[in-house]
Structure formats: structure tokens, C-alpha cells
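Following this line, the structures themselves.
Across the two complexes that follow, chain A remains constant while its partner is chain B and subsequently chain C.
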Partner chain A sequence: MRPLTRAVTIAAAALACAGCSLHNAQNALDASGPQSARIAGLWWLMLPIAAVVWVIVIAVMLWGAGRKRSVREVMETRGGTEVVANDEARSRRMTRIVAAGAIVTAVILFLMLIADFRVGQALTMAPSTKVVPIKVVGHQFWWEVQYPDSVPNKTVITANEIHIPIGTPVVMELSSPDVIHSFWVPSLTGKKDLLPGYTRSLWFRADTAGVYRGQCAEFCGLEHAKMGVLVIAQKQQDFDAWRAAQLDSATTPSDSLAQHGKAVFLGTTCVMCHAISGTSAGATTGPNLTHLASRSTIAAGTLQNTDANLYAWISDPQRIKPGVLMPATKLDPRDMQALVAYLRHLK
Partner chain B sequence: MTAPPLVIGETVPVDVGAEREQMERVWGSKRGLWGWITTTNHKEIGKRYITTAFIFFLLGGIEAAMMRAQLSRPENSLIGPDKYNQIFTMHGTTMMFLFAVPIMEALGLYFVPLMVGTRNVAFPRLNAFGYWLFLIGGSFLYVQFFLNTGPDVGWFAYVPLSGPAFGPGKRADTWAQTITFTEIVAIVGAIELIVTVFKQRAVGMSLNRIPIFVWAMLVTAFMIMFAMPAVATASMYLALDRLVGTHFFNPAEGGDVLLWQHMFWFFGHPEVYIIFLPATGLVSTMLPAFTRRPVFGYPAMVLALISVAFMAFGLWVHHMFATGIPQLAASFFTATSTMIAIPTGVQIFCWLATIWSGRPRFATPMLFIMGFIFLFVIGGVTGVMIASVPFDLQVHDTFFIVAHFHYVLVGGAVFPLFGAFYYWFPKVTGRMLSERIGKWNFWLFFIGMNMTFFPMHWLGFYGMPRRVYTYLASTGWGPLNLLSSIGALVIASSVITFLVNVVVSLRGGAVAGDNPWDADTLEWATTSPPPPYNFLHLPVVQGRSALWDEGDERQVTVGTSTERREVLLTTPLDAQPDSRESHPHDSVWPLAMALAIGVLFITAIFTPLALPIGGALALIAFAGWAWPTSQDVESEKSDEKISLEGA
Partner chain C sequence: MCSRFAEPAARAGIVVLVVLALAACSRERRTFHDSPPAASVAAESAKAVRSDSGVSRDGPYGNNAWALSQGKQLFSAFNCVGCHSHGGGGMGPPLMDSAWIYGFEPANIYATIANGRPNGMPAFKSRITPQQTWELVAYVRSMSGQGSKAARTNRSDEMEVRPAEAQTKTEKPVLVTPPPTVTPPAQEGHP
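The block that comes next holds the complex of A and B.
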């Protein structure tokens, strides 16, 4: 029996270690909004119940296997084999215990079901107060983000980084033109699929300001692993300021390097996929770059948005995200530096 | 040729040497290669089936090890996304379709005829056909994989990613056709098992005396009959979308991407129980030998099996909560998913009661059984958690789920399976596996299993989705992944230990004898390994524990033909003698048929001409198969109905 005790100790140690939670911007148990908090609460309710059930079952098994047999538990020979003699009274007793076990199981499950339905109801009930509507479109392998407005030219279009105000519910309209993706920012709420041919909605609220990371949770092809998304929750006035700034068209840079970069951008294949408002580039296949420099990451949350990373990314995206739909762009180093300078200017 | 009269309930005749030789001649297969490819003996085919499925288990395990190597540290560059996506698809497809379901059916096809006391499985040629088709289908998948045309769309092949627009080349076609192969294989196996159990049980083995493993296989076979057509249809729709331009799953033309998910999971969830129920049957059938008592609560166990089978068809939507199913509809599936824990719990309580009131012996199979309960209950309680819609929305498609179903499938099915290997190896080969190596095998597996999969629960909470070939260092997932990868090495060493044990024991293991475990089911009433005809005299069953309840003298049926292949058919409920039937002879046509179907399915992914060509070949094979030989005609003359007075 000693190896068994050892295994139990190991398992207990593993449990204890895993309990020291990882502080991370992408953590379903580190809740920053009412949705994720309620789900985390459900986990902290279910975990102890599950643990107790498991401990009881294993304890009964180990005890039952290892306990000393009393003299009354006699053996008999049946068909030439030594077997435990049938004991009617004991069988009846065990039947009662098993039946009781089944009933207790059913009761526990039923109570868990009620807790679960209550959380489910709270999560799905639509918010009645004012909300921030956001359209999120999943693409292989990035997120297109739109903030619709009743005035069409006040619609903000961005990618991969979603700014939201804290304290106000956000209602997301989710869709996909290519394959199925799933939007998931664990610190804020559970996931919802983006299905071609359907529009789904998801609502949640962030209560603490911060940057929350998530990534695509439905296998969507080669670069499913590098389809990250950031949700930047900020105070209402910061959010309003950000939104207002996003409405501006891109300005023409004043320094000559960046000016040359703009010419490079408009004169190469970049314009086939990307848009920069205020210029003639208006394609919508790839992320809108009008305010690229205001984002903290590039390549869907994969790289920090720095000069060197932009340079490396544009030169050979396939090295960083093999399978990404953006082709490599061959430019001479001076043109490339100019292009990066221009993109970094797009605040 | 008049048949001798049938006498039921005789004691075993003393002088049987000549009879034995005669039966060997009638039931044995030809020697050499020809005999090997024409045999229709369920034990020969069962052994091949088990071995082939186990080789697929090793291949799937190598794929798992490769994934763990790639994920052992962040931004590892060992395997790129293209290869990784193929590898995880191959791992899932292999483990589900080429290992778990086939090996459970294979155990059934080997042991059900022995456990019910008959000479062969019903429809033995269909059995041979099923094996050959399984071999062709599985080999096809791996040939394609080695040619870099392995499927890369996941074992669930969600559209539109697997559809014509986003899955170019032949990779997804390879997947769809492999599925078609394995579905047919599973269904023919199920048919054989159902008929064998209902019509060929030993006299006296009424429904309430069937060993629980046989019950489990019967229930599983029915589940296969209902579940597999759903995915066979779905994979055919997918093939049509890809090959001839239909639009079943194309939203732009009125198709529906969720249709695939419904059809796939209507099969996919019962699939889990198709794997798990036989495993519970293995446990319930092994346990008496190691606790020295019949399993506690036989009726409850059987009812649990049946109710699980029904409920298993009512919870497929819990794989689709994140697709935005309306809350009210989802609640029903939450309720069923929760409810299924009740019959499963009853099974566990009955096993506990059996262990409690028995006299346990801690041989290797018993360790695997206890390990099974230890691990499966972990998978079970997390299963109840993810039945909850809100909770599932967090952990769905994350490593939490990976942890959950590996506890259920490795803990719940592979552990009993390894126990079964130790338990029945002596019956199949005549030699015992080493207990000393067996203990190493168990402990390495048990520790490795927990090291690999337990940390994954936390990775899921920390936001790690499934099916990612890499992750950024900033996510902080590195250490837990490394721990998990080391665990995978421990599991690998355990499996190697097992292989060593098999090799060592085949050469020099202790000779087993008929019944080394003093077990109570009928397969232990014959020699190890069993002769081609299984039992010289068909057994007569007098109680639920056939060998323990046989009284002072074993009772048998004498008078079955020794001149022809004859099986005794009995009534479905009470197992009273019904008729004496001639049994098909060995034939090469099942192999020919499997080849014809193989040609049809494989070439179908390249050209529509496959249909007429493969169809014509299959027709020829079918004609050959059904063509009566003079031997068959002669043999069938002795078929007769048995009047029930004799019983």
C-alpha cells in the first residue's frame, strides 16, 4: 500500500502548488468584471464539492481494499474456487448504502444545477442601461474591430486592440467572413464563437482599468496560435479621448524620411490590403493602419509595436507567423526604414 | 449424414482425444499464408485486431510525445504550425478512430464468443472483412500522413475550415475517407456482436446471467448502430462539398456550418461512451477475480449501462455551448450532462462495495482497476463542472478540457484496458505477463499520467487554448507545460515497460494453465490459448458466475456435430436451445471485398470514376463471397430446429 500513499502525497502537492495562482492578464480566475467573477465563483463553489466527493470515493476504495477482514467474513468453496461466502444481511446493508450514495449524488448534482442556472441567467440577461456597441469580425488570423456610430463617418475602425470604458457594459456583435473563430478574454468573460453565416452577440463589463489579453479559442488554421487580442479597459474620459483621436485622418508627416515612407507605402503592395484614412489607401483585406502607432502590439498581439519588430514583420511575416496571409515585402533597407518611420508616425 | 442427438446437461465425457482431433480438422484454418489470409476464426482475427489497434496506439502516442516536445517551452521551433496541425489531428483521429473504438470492439470480438460459450462470432466472414477494411483504412491515413497529405483540420474537422474554400489539397479528404472506413468497420463489428450475444449464448445463460463485459459490448454495439450513421452521413456531406461542389456547409449558398457540428457531436459524444462503457465492462468482469466475489449489484450495473447509453445521445450540444445556443435549449443539455453522473456514480459505488466486501489481491490488473477509479473520478467531477454552460464558456477549447477528457479516456478507458491486457494475456497466449514488470508499468503510467494532465487544468484557467503549436513566453505557461512534457516522457517509459514485458513474457513467461486467476467467466473454462473451436463441449450455464456456480461437476452439451462447423443457436431471452446451424467456412473473399471497397474509397478522393470501378470490383467480390460451395450446401443439409423438450 505504500506506493499508493506516495502517489496521494504527490497529487496533494501538485494541487497545493497549482493553487498558487499565476498573476496574469489572461486568467479566468483573476476576474476583472462581473461576468468572469461569477464564473470564477462557480468554480470556487464546485471545486470543494468535487474535492470532497473525490476524497470520499478514494478513501472508501483504499480503506475497503486495505481494511483487516473480520473473522465473520468467511470464505467458502464454490466450483472449486475459494470465494467470499454470501452474506445476505451485509448485501442488504450495502444495497442501502449504494442507494443512499446515488440519492446524495443526485441531490448534490441538483443543487449544483441550480447554482449553475442562476449564474447562466445572470450572464445572459441583457443589460438595460446604456451600452457601448462594438463589432468584432474574426479573420484568419486577426481581429477587425469597429465602433459603429449613428453618423457613418464617426465609425471607428481598428484591429486587434479593443478599447472599452470601465463600468459600462459592452455589447459585441461577432461575425466571421472566413472560418470559425472564438472570442475569448478570460479575465473578462467566457468565450463566444464567431460563425460564418451567423451573427452572435456577447456582452460583458470590465470593472478595473487594465490591459487584458485573450486569443482565438477555436482552431482556425495555421496561425490559430498567434491570433491574440488585447482589451484595454480605461476610465470613461480616457476612452472618449481615445475614440475621438481614432476619428482623425492620418496626418502627413513633416520629416522627410517618413514622407518618403508614405510614398513607399502608397507605391508598393501594401495598399492592396491595408487602409490609411486621409490617403488613397483604402483596402479592407488587412487591418486598418490609420492609427497603427497608437497600438501597443502588432501581428495580432504577437509582437511589441517597436521599430525593429515592424521592420522584421514587414520584411518577412512568414518567419514570425508562418501561414499568415501577409506576404513578405522586398524593399531596400532605406525604403524599409522610411516605411517603418511612416508607420510609427501614424499615432 | 444424420446428426447425433443433442444432450444438454451431461458431465464431461472422459475419452475425448479422437473427438478433439476431428474438431481441430473441422474448425482449424489451413496452414501457411493462405490459411492466414482466409481465416474467419474470431480469435485469429481478434488478435490481429488488438495488435493492429495497439500499433495505432503507439503511433498516436508518438504523436502525443512530439506535441509535448514542441510545447515544452514557449516559442519552440521544433515543429512548425503546418506539421503540428497535422500531428494533433493525427493524434486525435488515431486515438479515437483507430485505437480506442477498434480495440474495444476487438476485445469484444475475441472474448464475447468465449464468454458466452460459443464456437465463433456470428457472421465470421463479415468479421474478417471488418478487420481487413480497418487495416486498409488505417494504413491509408498513415501513408497519406507520411506523404505530407495528413489531415490538418482537427479530429472534429469543423467546416468551413475543412471545406473546399479553406482546406485546399487532399488533406481533409483523407480525413473524411478515413472516417468512412472506420464507421463501416465499427458498424459491422457491432452487428456481429449483437447477433452473437442474442443468438449464440450457451444453454442456460439467460439475459440475467450474461457477464457484464458482454452486456457492455451489447449496449455499446447498439450505440454504434445509432451514432455512427450520423458521422458517416456528415463525412459524406463533407466529401460531396469538397469533391463535387455541393453546398451543405457553405453559408453563402444557404448551407450551415453548425449543421456539421450537430451531426458530428451527435456521434461524437456517444463515441466517448462507446469507448468508456466497454472499459467499465472490463472492470466489472475482472473485479470478481481479484476480490473473490461476484461483482456487487449486477442489475444496477446493467441498468446503469443501459441508461448511460440512452443519455449519451442527449448531451451532444454541450460541445457547442460557445456557438451561442439559446440559454434555455442549452439548459436541457446541461441537465442531461449532469444526470449521466448518476448511473456512472452507481457503477462506481458498486465497484467500491465489491472491493469493500471482497478479499482483494493486488495483482497488476487490480492496480489498474484502482488506478482507474482514482483517475476516472477526477475526470468525472470535472465533467460535471463543464456541463455548466457558464463554466464551460471559460474552459471550453482550453487545456482544462484536454485535462478533463484525458482523465476520462486515459484514466477511464486506457487504464482498464491495460489491466485487461494483464488479465487476458495468459488466455490469449498461454503465458502470464510478469507481475514485477507489471508493477513498474502501472506506477510509471499512474505517475506520468498525473504529471502530464493535472497541470493542464491550470493552463486552461490561465487562458491556454487547445490546438496551439506554440505560445508566447509572456503568457507564463512555460513551467506547467514543461512539467506536463516531462510527464509525457514518464508515460512513454511506462508503455515501453509494457512492450518489454510482452516480449519477455512471450518467450519465457510462466505457463498460465486454463484459469490462472480462478476467475468465474466461461473463457477460463477452456485451454489457454483456446482451440479453434473454443470448447470441445459447449458449456451449460447454471448461474451468473458461470465457473463458480457450476456445482461439483461441470455440465456441458454433447452431441453437437464434429463433422461440420456447427453452432448451437439459443433463444434470445432464456438461452434455451433453438437450432443447430452450419457455420461458414474460411474464405478469401472478405479480403477481396475489403480491397474493392478500399479501392473505391481511396480513389474516390481523386476521381468520380471511383464509383463505377470500385462498385464493379465490390460486386465481383460480393458474388464470390455469396457463391455457395458444395461444402456449404452439404453442410447446410444438417441444419435443424431443436424441439424444446430436450432442454
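The block that comes next holds the complex of A and C.
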């Protein structure tokens, strides 16, 4: 390749990379709140310093490896006895260079340490203003989400999609009944592990409305990679409306297909693990399905919430998420269609 | 020793033996969408044994490691542990010992799960599929060491209060007399 062609190709590739911006992508440098902004700030402080130090170190190393050595140096390394008159001056110069290098390194590291401590302190400092408390329980392989309220029957229980108001800090109470998980929504907050037997807390705030994707960040089993979470940041009034709607019990469908679907749900293995408020289904092993149709994804962010995906998921979850704890359910196609119609009715 | 194995005839013999041994290997069948027959209603009686059910001595899944592990998972997920604990019993009878009240054959246990029993065991017929019921049957039997040792599960997710099923001693099941059925007293003062 001619040099010009090569340069043009590289430039084109660089431009193409710069043009990448995935919808819903997890990007710790695309901060949408103070917590992630602090972490991104630390990165932008450390990256240039580290880059400059790296360039200097490599340059000095290459210069040292490539330069021609004088006859005197060769004599010295071979154990020559000839002592040169100005050797003392040279040795003093070398000591000064090495000492200066060590001091500069120590100062740089110390400044980065201070910056790191300051960010760490700011991340853990609990907000003093009014907060929204949310309980998040990590299960293999999905997230249980609860909005506690002083009035017990006003507690909202949902899964995998966390709605939060913008501008108000949320404090998450994290726990796990099975193995270690880690909650990480890169655009909003750093990671925090969910440890069995402990309750840990994490706070963050979203300043711009939007949907932020997160992910379990601690290997938790076969389907760790498909344990996604969506944080939906919305205006306070939208959040209040959503929360009020989530309090409603599921309504009985009016069309006969969905009515049959309800009977299928309550008369087969679904009812052993899932809850739908307003019906006799009250199990807590799997996600609460009371408002399933109001969520945009199923199976912890694995599939879009559509009729076809629900059908495929229920009939054979192992095909979509091998190792998931939900067993396959064999139903005849008519019952299955009715079941999907009922689940899609659960707005 | 080495020189003897180096002989062509001995070498050929070893190859044949290895090939024969490999030919005996078979991977167990794992079916995610199985429709095993439900055990017939005749198994309701504790005395009725395998003759009526048409299933093998250990049930359809007694020797299938995948089905046993599924059964173990469902045993927790479906909250069997709520009454039977992890085999030691509680509100319900223990399942890891040799005593069986309503029969120990797979068909009997199937009937117990499907139709329930007096004094509190609920009927799950209209809740769980025949495949899941058979998986539970296989797991329940493995708790007292029944079925293939090679297929039984080797570790537990919960805190280990007893060795996992693969290390469990095989109990010799015996039938015991059912306790008298308790009828709850009529509740007064309730609408």
C-alpha cells in the first residue's frame, strides 16, 4: 500500500469509530449523573498523565537501547581498571537524574491518590436531601425491584426495570439470596456488589431523562451475561404516575381469549413461581408479573417484550437463556396463545 | 512388561478392548419437552406398586442426572422445602429416612404429589406438569439414596446440613402406619 492510501484508510477507520454511538449502550464515560461524572472525571485526569508518562518512559528506553556507547563505558562494564578523571562528576549527575525521576513519580502518584480518595469519598457520602429508597435483590439471573412505602400495601414490586425520578437521589438497598451479583449502570453509577447475607447501599442521581442499560458485573452463573437491568429516568410527575399505576392490581381481561389465558396461568406451572396481584398467584420465586406488559423487555433485558418473544420464551426458556432457572412449559398452542394474550393484557 | 505390550498381538488386543469400552459409553438422554405418562390413579393406594404404572423400577427419571437436578431445583422453587425442609422434615414428614407413610414406589410418590394426602399435603395435579412431577419423584427418592448413585446430585446450593444425595446411604424403604387424620375443629366466631 502506498503511504497516502494507508493514511486515508486509517483516517476513514478512525472517523468510523468516532461515529459509533450505540443506542442504550453502556458507557461509563457518557455520564448522566454526578456519580458517574466523578468517575469519568477521574478517568480523564488519569488517562493523559498515564499517557504522557508512558510516552516519556518508552522514549527514554528506546533512546537508551539505541545509542552508541563510548569506549569508556565499554571499558567500565568489562571491568577495565582505567579510571577516568571526570568520573565523579558524571556519577553525581546520574544520581541527580534518578532522584529527580523518583520524586516526580512520587508526586504524580500522590496527586492521583488524593484525587482517587476525594472521588471515593464523594461516591459514598450519603445525600442529605430527600431521597427515593429502592430495594434491589439480585437473583440468578434477574433483578427484583421494590419501592418500599410506610404504608405496607403501597409497596411497589417489579423486576428488571427500575424507574427513577430525575434530579432526586435514589438510595438502593442491595441484597442477594443466592450468590454474589454486582449492580452496575455505567452511565449513572459505579459498581456495587450484592452479597448474600449482607445489605449494602448505593446512591446515585440521574440528571437527564432517558433509558440507561446496566448489567450484573460479578460472574453469578451460567446466564450472568444475560442479567441486564434498565434504569428509566423520567420527570418527577411521570415517575409519580408510573408508581401510582404500578399499585393497581391486575384487572380481569374482557376478551375471552385472555380470560382463558388467565385460567391457563392459574391452572398450570406458572402459578408455582410467579405472582400477579389481584389473583391467587402469589409466589415469589420468579419475577412479579402484575404489570408485565408495561415493561419493555423480558428475561432480564434479553428479549423485547412482544407476543412472539413471550411465546418463544415460555415454551422453551432454555433455548434462549440456557441454564436459566425457569423450566420449559409444555402447553398446546391454543392455551399458549391465550396465555400470551393474558400476559400482554397485564399493562 | 513393556516388551510384552510391544508385541503386535498384545497391542492389537489393547486397542480392541479400548474400542469395546468406548462403545459401551452412552450419554444420557435429556429432554426438555418430555411427556411422560401420568401415573394412573390406582397408585393412590399405598400398596399398589409398579405393576400398574408401566414405569421402570426407579420411575422414568430415576437414573437421569439432568432430571434429578431439575427435580432438586423445583423442590426449592415450588417451596416443598417449606414443609419438608431439605429432607429432614418439619411440618411435613422427613423424606431422607426409610419410613414411608403412603408408599415408596415411584407411582405412589407421584400420586402423593399429584393428589395430595391427608393432614396437609396439597394436591399439585392442576399446578405442575407430569414431567415436573416425575422429576420431583426422582429427586424425592434420591434423598434416601434410591435410584442410580451415578445420577444423583453431588452438591447442594443450600447450606449443607447433610451430605448431597450422591453420598447418601441407600435406605431400605419400609411402610409405616399413617397417623390418624386430624380434622380441624370448626372455627367459631368467623363469618
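FYI, the second predicted complex is superposed on the first by the 297 of 347 C-alpha atoms of A that agree within 3 Å, B and C clash if a C-alpha of one lies under 4 Å from a C-alpha of the other, contacts with A are read in each partner's own complex, and residues count from 1 in each chain.
By our rule, a residue touches a chain if its C-beta (ideal position, glycine included) is under 8 Å from a C-beta of that chain, and two chains touch if they have at least 3 such contacts.
Remember, predicted model here, so these are calculated numbers, not experimental data.
Q: Just chain B (first), just chain C (second), both, or neither: which does A:D316 touch?
A: The second partner, chain C, only.
Q: Which partner does A:P127 contact after superposing on A: first (chain B), second (chain C), both, neither?
A: neither
Q: Using the superposition on chain A described above, determine whether A:N27 touches chain B (first), chain C (second), both, or neither.
A: The first partner, chain B, only.
Q: Of chain B and chain C, which one touches more residues of chain A?
A: The partner making contact with more of chain A's residues is B.
Q: Considering only touches as defined above, state whether A:L42 meets chain B (first), chain C (second), both or neither.
A: first
Q: Output check: A:G278 vs chain B and chain C. Expected answer is one of first, second, both, neither. What do you get?
A: Neither: A:G278 stays clear of chain B and chain C.
Q: On the A-aligned overlay, A:K330 touches which partner chain: chain B = first, chain C = second, or both, or neither?
A: second
Q: Who does A:T269 touch here: chain B (first), chain C (second), both, or neither?
A: second
Q: Can you list the residues of chain A that touch chain B in one structure and chain C in the other?
A: 178
Q: Can you list the residues on chain B that touch chain A in the complex?
A: Touching chain A: residues 80-82, 85, 153-154, 158, 160-161, 166, 251-252, 255-258, 291-293, 296-297, 300, 322-324, 327, 330-331, 334-335, 338-339, 341-342, 345-346, 348-350, 352-353, 355-360, 362, 370, 373-374, 377-378, 381-382, 384-385, 387-398, 443, 446-447, 450-451, 454-455, 457-458, 460-463, 465-472, 475-476, 480, 518, 520, 545, 547-551 of chain B.
Q: In the complex of these two chains, what residues of chain A are touching chain B?
A: Residue positions touching the partner: 3-4, 7, 10-11, 14-15, 18, 22, 24, 26-29, 36, 38-39, 42-43, 46, 50, 53-54, 57-58, 60-61, 63-65, 67, 69, 73, 75, 78-79, 81-84, 87, 90-91, 94-95, 97-98, 101-102, 105-106, 109, 112-113, 116-117, 119-121, 123-124, 140, 178-180, 182, 184, 186, 189-193, 195-198, 200-201, 213-226, 228, 302, 322-323.
Q: Quick one: which bits of chain C touch chain A in the complex? Just the residue numbers, please.
A: The touching residues are 32-33, 35, 70, 73-74, 77-79, 126-129, 131-132, 157.
Q: Quick check: in the complex, which residue numbers of chain A touch chain C?
A: It comes out as residues 178, 267-269, 271-273, 283, 285, 316, 318-319, 325, 327-330.
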